[in-house]
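Same chain, two partners: chain A is paired with chain B first, then with chain C.
Moving on, here comes the complex of A and B:
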């Protein structure tokens, strides 16, 4: 078991180290987050709606689109010199490779999600609400569910001729529960509603993330075999 | 059963289904009594729920055979999965067209985010993705595995999608057939609905078997062409 965890840890560390040194994905995703905040700001007519009423939905859509941008490139890291084959031939089981990849994506996406939150608080003049910890939890559980599906289907899409263009079609229909519960929870928390009101949402977000992670870990081997 | 036998059974069931469809139309237009509060528009009810049921049955078969394909790697399971998925797309499309047509008159709007309509729309898109990944790999074996993974993940997340869209909003008529107190539908309406469900199921099974046999024949042709070339 400790070997299994260490294998996951090595993959996470490898990916994050590469990211720290190249800063390719994190720079692109960070810039995307800020620019999306700017565009969303100009797309809301302040004489029609209060910006803070729309902010939670826009935060979640920014995370979804930004996540797609970053997660879609999960396996581009290993595209050169047969590095993916090397990784797959290593003694680490396929599900450990999947979980390592998903967790490194999670670290990246959660960092970006926090940036998105900060950007929208700044641009839309939002407060953090009554419970900052619950806001951070809702974003974290959402990001976890997202990277589980995103990593699995990034492996699928990078095996097709369509590449990343097919990724949103595979992921969006399945992200509906995450967006409903996530935007619902974040929106109410930012509006200052009590945590008890969104406890059900948070539980569903957690259950969604767990099922998606388990499904990804179990099915990843069928995507990358041969 | 041989491929030819399956094809014959498919032709028989599809013909029976088409004939039955004529009976369903006759029953729903001329035989069954008009519903009191909704009037004539309620007659679309004899097409809409049967199409919905059939599409869920088809997608269920597709997900199940996809899982078994990944496990056993029998080509025939993949033929069954893709054939069922195609059938499911057809009946889901019928459901998605008839629902808004009825909704425009009964609810006053073509589209609402009603849970069951939303779930069918999302499933429809899951299977759009299913066929997209299937057809865009250089190695067909890979396409089969990819599409099987899509179908299984879709099936696993259905409970979440359903619960979340119900939580989001519900407007749909309450169930009138499968309720704890037994059917609340008048006799002739229930008969027409049940006949229609039976006919749709038979029609689907016929088309499913025909489509499956087509895959089998295509496979046989490839084997023979390869043998002739060797």
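Moving on, here comes the complex of A and C:
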């Protein structure tokens, strides 16, 4: 394995180990997922709207808000004792640092996205549709695109006085395509429609994730260098 | 007499380990470093004194590539710093005010993390050796947040030297250390000097600063207000000389 991949791997290892020790982000994100499911359950009138017609949108919005909660704090891990400076002073390329941070965020967010899906299936009485793999793929591609943008802008906002307030304002406009294609794909799949019907959405989600990752990797060094 | 003799600065017999030209660092309207030229050869140990706000930390960060100069250049081992390629960072070890340590990782996990980022071979043996050298072998599996300030500082020193850098940059390394930790630091610095590493140390501690230096500088208002060889300095009169330089009377 090349040094570049090992550098990405060790950043992922470090982030996940720290998360395992502190459970700082995953606890907040998990609680948010469950509470959002409960609140949406009580705030919707099922005699007017069928659950499967609105569940996908609510699932994706919950993932977006939950993602901001967790990914927004990704650089808090580095804030203590100037650890980010130590990371930046290593020979690891800045794009490797970005990809390591994004991948560790992806693991976290994807696990939470699965929890969100399970919570909404439980509260809204949904089935997983005819292709569970495609549902999981749509959530995975969406989570990947989200963490790519979220990690980059978390780095931007971590250097500002109102970081966590600024982050949604920076990220939300850019997430519109992801939410459109993601909610569209997930909604149809949960309703039991064939995978072929959402292939275009999945391709767009994949393209969104790739472009976001490439842009994040290219731009990260301009954000973090002093 | 403060200066014993005004002997010429030691000539750089070997290629410069670090060569800074016209370094300027501005923070908005504030000029922290104002046109510093500095060349250090292998084995030189420069101690930089100066009052708070003199720009010492900014100078150190620019020498180590932790901060881009507003103007000017830095070359390490004859190669100008290229921020898009960090290979030259293998030559630099920095001990800052902050330890660059993850509080929830253990001492050895922190070193393992940095060692893997640097792609170091024989990492486990190297980690054991460094922890033993700074007297923390028995704390290897303690989380950093469980260590005292002095222990954290020693661990940060082990981290800074893990990859055997040729250029070592130390920012106030003696701050907050108990006598035992200060003794360990003194020994490690002595070894660095014996090993012909190039060291730049910023400190307010005149005694420790002069103890190992081969060159001494006083930075005031972003500039090197005075610079000389260590043998030019009479330790007893240096404090008075320092105040004269800082107050602009020298």
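Criterion: the second predicted complex is superposed on the first by the 225 of 226 C-alpha atoms of A that agree within 3 Å, B and C clash if a C-alpha of one lies under 4 Å from a C-alpha of the other, contacts with A are read in each partner's own complex, and residues count from 1 in each chain.
In the analysis below, a contact is a pair of C-beta atoms (placed from the backbone, for glycine too) under 8 Å apart; a residue touches a chain by one contact, two chains touch by 3 or more.
Everything numeric in this text was worked out from a predicted model, so none of it was measured.
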Mind working out whether A:181 is in touch with chain B, chain C, both or neither, as first, second, both or neither?
-> first
Is A:93 touching the first partner chain B, the second partner chain C, both, or neither of them?
-> second
Examine A:193 and indicate which partner it touches, taking first as chain B and second as chain C; both and neither are also allowed.
-> neither
Thinking of the overlay built on chain A, is A:10 touched by chain B (first), by chain C (second), by both, or by neither?
-> second
Give one of first, second, both or neither to describe whether A:76 is in contact with chain B, with chain C, with both, or with none.
-> neither
Would you check which partner chain A:225 touches, where first means chain B only, second means chain C only, and both and neither mean what they say?
-> both
Could you say whether A:212 touches chain B, chain C, both of them, or neither, answering first, second, both or neither?
-> first
Name the residues of chain A shared by its contacts with chain B and its contacts with chain C.
-> 225-226
For the complex, which residues does chain B have touching chain A?
-> 70, 118, 122-123, 125-126, 128-129, 132-133, 136-139, 141-143, 145-146, 148-150, 152-154, 156-157, 160-161, 163-165, 167-168
Sites on chain C touched by chain A in the complex | 61, 64-68, 83-90, 92, 94, 96-105, 109, 113-114, 116-119, 144, 152, 159
Would you tell me which residues of chain A are touching chain C in their complex?
-> 3, 6-7, 10-11, 13-14, 17-18, 21-22, 77, 80-83, 85-94, 221, 225-226
In their shared complex, at which residues does chain A touch chain B?
-> 149, 152-153, 156-157, 159-162, 166, 169-170, 172-174, 176-177, 180-181, 184, 204, 207-208, 211-212, 215, 219, 222-223, 225-226
